[in-house]
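Structures follow.
After this come two complexes, each holding chain A, first together with chain B and then together with chain C.
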Partner chain A sequence: MANLLWLQGGACSGNTMSFLNAEEPSACDLVTDFGINVLWHPSLGMELGENLQRMLRALTSGEMPLDIFVFEGTVVNAPNGTGQWNRFAGRPMKDWVADLCKVANFVVAIGDCATYGGIPAVAPNPSESVGLQFLKRAQGGALGASYRSKAGLPVINVPGCPAHPDWITQIVVAVATGRAGDLTLDEFQRPKTFFTSFTQTGCTRNMHFAYKVSATEFGQRKGCLFYDLGCRGPMTHSPCNRILWNRQSSKTRAGMPCMGCTEPEFPFFDLNPGTVFKTQTVMGVPKDMPTGVDKTGYIKLTAAAKAASPAWAESDIFVV
Partner chain B sequence: MSAAVQTLDISPVGRVEGDLDVRVDIQDGVVVNAWTSAELFRGFEIILRDKDPQAGLVVTPRACGICGASHLTCAAWALDTAWRTTVPRNAILARNLGQIVESIQSLPRHHYGLFMIDYTNKNYASSPFYEEAVKRWAPFTGTNYEVGVTISGRPVEIYALLGGQWPHSSYMVPGGVMCAPTLTDITRAWSILEHFRRNWMEPMWLGCSLERYEEIRSYDDFMAWLDERPEHANSDLGLFWRMSLDIGLDKYGRGHGRYVSWGYLPHEDRYNKPTIENRNASVIMKSGVYDGAADTHKLMDQSFTREDVGHAWYDEPGHLHPFDRTTKAIAKNDVDHDARYSWSVAVTHDQDGRLEAGPLSRQLIAGGRHGESWQHYDPLVLDMYKKMGGASVMLRHFARMHEGVKLYREAERILREFRLKDSWYEKPTERDGRGWGATEAIRGALCHWIEVEKGKIKNYQIIAPTTWNVGPRSNDGSRGPIEEALIGTPIADPHDPVEVGHVCRSYDSCLVCTVHAHDAATGEQLAAFRTA
Partner chain C sequence: MTAGETQELLKTIADMLGKGLRTVTEPFPETDKEFADILAQLRDLEVDDLEGKLVVSGFVDHPFGPDQQRCMECMYYLVHRRWCDLPELAVPVEPDWWCRLWRI
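And now, the complex of A and B:
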């Protein structure tokens, strides 16, 4: 029986909503099949007011064991490092987080806000938000770079805005059932099992990418979204086209450019004018290249691919 | 001599989507005064300032992961009106469908995940319905809890067919949508809807067919339906109704008795050239303000909206229209119940004062004859409201669930209306100007105001449903809707004030989007707070 506590800081509840869509395993399966004891959750927990405060104190004092602490949302430090702009159960949430992380066996950060700061940390970051162990690419965050949970692991980061439900439940179950040893984390503390391949892996527009055929406008049933519409699929680590969303699709399959939400820099270019849903180019060549591709190679490849591109590539391939 | 006043601070209330703190004064076991405080501030409107005009499409769905599609709808329509776009009919339908499936998803999720759990509270152990309630509705393990929570993930599969994923797609853009669904997407969407109906709506929620349920047009019809067959009385709706009466949820949670809706679901042939002015006459579900005491209906107009900040943690003059807000957050947010105590502002109507937003409001407005002849009309909840003596925890929750069948029918209609060979997007010309986009999230009236200047966002303002409902006192001292609804609430056990939870949860308030919706501060001030 693993005790799990889930709290939200500067959050939109999107990861909770995503979590409730989980299927393998589902949110209820965690409890009924894997014996996880959900002590409390902001949207699902039974207790309110003083009863919850009593439980939180029992956890921080060590009277009640905390196996898994799940955190969604940023750690709010405003104003001036006090954290008073996000109070919970009578005190700044950042103080609860610090105390709970001291006693937790494992700490799992869910979603971009908890991992890297996400949308709330976009400049000028009014809430002085940070992730648990990062702010964007910089290690540190609320807990500091050297933080380790009682089981000896750093914060396990499950990024995404939101994180995919199955990434969440699979990691929680792996940890709860003693498989933490099989977890390997990358430099941003993401489980490699999910975050080594690219969003592009499995994208149905891949052939168009190869032949450099572009979707030039929205609402088209052909073309790759990389060349004009700012798709970050070739340089984003995520399994979005392997483990589909809501069992059905992915952003790029549906015609929406990948925004790179599993990378620490999301949202890219801080949403400055001219950067939303538009590929940034220098003299016609994309500024951000597919990972591992250099500019000269890219230009040569483009000429060859364009010449080789078959006639069908310019027609509606995902036909009515 | 009356008993002493006992003050109870409840932090957090929980299961209201965000961190809500409530203070109540109790006298003779009944709430006599109340204050609601929103305790999180993220500053989304500050973040949006000076960004790309389309940044709202990315940022505002993240204001609230629960009604992200509704935020996206507002963000897209706000830019449409600012840029004077043309929106193809397919795109209007696709936007409406996305919003509808998000709302349908929210029904079982809220009902089982957030609301019915309280019916298993030990305070109700003496109710004859208690044992059955625990069997069905206990968190995670209840038979219907598990089915309801799991199946709530299905409608948003349709969202994924349109936008790639739910939550947090940005597939609605000025000029249309990013997707161009195919025949297989449409057919698949249809079968998902059918699955939802055959496995939850009919057998578990209603205990009858949608067609039978749609025959209910009055309170008397409803009571006759309840007694007609055991399947009706024992459905989750039937049991909810009977147990609510037994535990007295028809007796408190009344509120101000004045209601607002922006109206929603623009008609695909009537709003292709959207403007702020022609919206009221173009939406299928009409807008309005209903005054329960006078029993009058009229249309709602965005120009009536005002925000009072006298009791909120902002330092600026009161009673401003959102376009005029200069917004300045106060750094030191101490709770002072006589002065400032919330990040939510007090939203008011210029003439009608404090209004309640939400599904009950929509249904009371749906019972009015004040709109266009072709617009949606439904007299049931208004009739119940009058016969039951006004609003209550029970009626508010019923109204929320009642909408499901209507939204389901509209989703079906949309799937028939798509013309797959026609366009989904018309590329707009970017320009400066002011825009406004509104809708009804499942939780109530939601709208965005945008001002674009020199190709970037000059001002972005959001008023979420919970901003209306959870707001603190306004400058004239009137309580916010939830504060008002708490008055008269009986508290059986001050150590477990589940009744306060009932009232707050009947509003299905959603603090996550309120609290950042009305922030602001000057750029200079913020620089001082910025982390390295």
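And now, the complex of A and C:
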């Protein structure tokens, strides 16, 4: 039996929703097949009031072992570093987080808010939000860069807005079944098994990317979403087109651009109207050019790609 | 639109440009916002106002500018259909033409 506790800081519950939608394995499988004892979870926990506080105190004192501490949402420090804006079970959530992380064997941050601060940490960040061990790209966060859980690992970051249901449960199972040692983490502490390839890997619009056929409106069934609609698929580490959403589709398959939600800088844009789903250009040329290509080279490359494109690249092909 | 109708429309446009239709080739939209402004002007036109479309978007029947830009390299040009796929334009075009909505 592995004791798991799931708490939520500054968050929208999106990752809880995602977790409850997991299929391989499902949230129920965690309990029935993998021997995970869910001590408490914001949507599933049975304990209330004093009972919950007693349990939390038993965990922080070491009386009850805490194998896996899962945190969703940001660590809220406002106002003025006190954390009083996010109180839970009688004290600031940030204090519970600090104490629980001291006793937990493994700490798993789920979703962008817990990993890198996500949307709540966008400037001016009135809630003084940080992720558990990062704030955007900068290491540190609530626990500090040198934090290691009792098992010797830093926070395992499973980003996403929300994280895909099965990334969540598969990582929890790996940790609970003693395979945490097999997890290798990248520079942002993301499990490499999920976050080495790009959203573009497996995208059904790859040929449109290569042949430079652009989708000009959401939901169009042909064309790549990079040239007009700001798709970040080529530079975002995620398996969204390998581990499909609802087991059958992905954003790009449905004609929506990837917004790069698994990267620490998400949401990337200043969020002014017209900046999010739009590829920014200067004099008709994309602002972010592929590395090492100049404008003339890019124009030549495009002409060659266009000339080589097969006729079917221009038809409305059905993408699931 | 049938292949015949497309050909006919292409010829009509070529004739209009050949006869020296003056179109607004400058200023070239430098930023995304300026680009969007031209699209907005196009959306305000009557659906069948072909001349209006050509004028506002700055059509010419030859490559343009120091980089000799042309439809051929433009994002919206469909090689096999010889067609401009920008929804606000959606007209047949020749690979050597150009308009100021050129984008790569």
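Throughout what follows, the second predicted complex is superposed on the first by the 304 of 320 C-alpha atoms of A that agree within 3 Å, B and C clash if a C-alpha of one lies under 4 Å from a C-alpha of the other, contacts with A are read in each partner's own complex, and residues count from 1 in each chain.
FYI, contacts are C-beta pairs under 8 Å (C-beta built on N, C-alpha and C of every residue); 3 or more make two chains touch, one makes a residue touch a chain.
Values in this document were obtained by computation on a predicted structure and should not be read as measured data.
Peer 1: Let me test your reading of the model: by the given contact rule, A:S127 touches which partner, first (chain B), second (chain C), both or neither?
Peer 2: Touch status of A:S127: first partner only.
Peer 1: Mind working out whether A:Y227 is in touch with chain B, chain C, both or neither, as first, second, both or neither?
Peer 2: Touch partner of A:Y227: chain C, not chain B.
Peer 1: When the two structures are overlaid on chain A, which partner does A:K212 contact: first (chain B), second (chain C), both, or neither?
Peer 2: After superposition on chain A, A:K212 lies in contact with chain C alone.
Peer 1: Quick one: classify A:T296 as touching chain B (first), chain C (second), both or neither.
Peer 2: The answer is second: A:T296 touches chain C but not chain B.
Peer 1: Once chain A of both complexes is superposed, is A:N86 in touch with chain B (first), chain C (second), both, or neither?
Peer 2: Once the two structures are laid over each other on A, A:N86 reaches chain B alone.
Peer 1: Mind working out whether A:T115 is in touch with chain B, chain C, both or neither, as first, second, both or neither?
Peer 2: neither
Peer 1: Across the two complexes, what residues of chain A are contacted by chain B and by chain C?
Peer 2: After superposing on chain A, chain A residues 217, 274 contact both chain B and chain C.
Peer 1: Of all residues in chain C, which touch chain A in the complex?
Peer 2: 28-33, 35-36, 67, 69, 72-73, 75-81, 85-87, 102-104
Peer 1: Which of the residues in chain A come into contact with chain C in the complex?
Peer 2: Per the stated touch rule, the residues are 212-214, 216-217, 227-228, 274, 278, 280-286, 295-296, 298-299, 302-303, 306-307, 309, 311, 314.
Peer 1: List the residues on chain A that touch chain B in their complex, please.
Peer 2: The contact residues of chain A facing chain B are 8-18, 20-23, 26-28, 31-32, 38, 40, 42-53, 74, 76-80, 84-90, 118-120, 122-130, 135, 161-162, 217-221, 240, 244-256, 259, 261, 267, 270-277, 318-320.
Peer 1: So in the complex, which bits of chain B are touching chain A?
Peer 2: For chain B paired with chain A, touching residues are 8-15, 17-19, 21, 39-44, 46-47, 50-55, 57-59, 62-66, 68, 91, 109, 113-114, 117, 139-141, 145-146, 149-150, 152-153, 156-157, 159-171, 173, 175-180, 182-183, 188, 329, 331-333, 343, 420-421, 423-425, 427, 455-456, 495-498, 500-501, 510, 512-513, 519, 521, 523, 526-527, 529-531.
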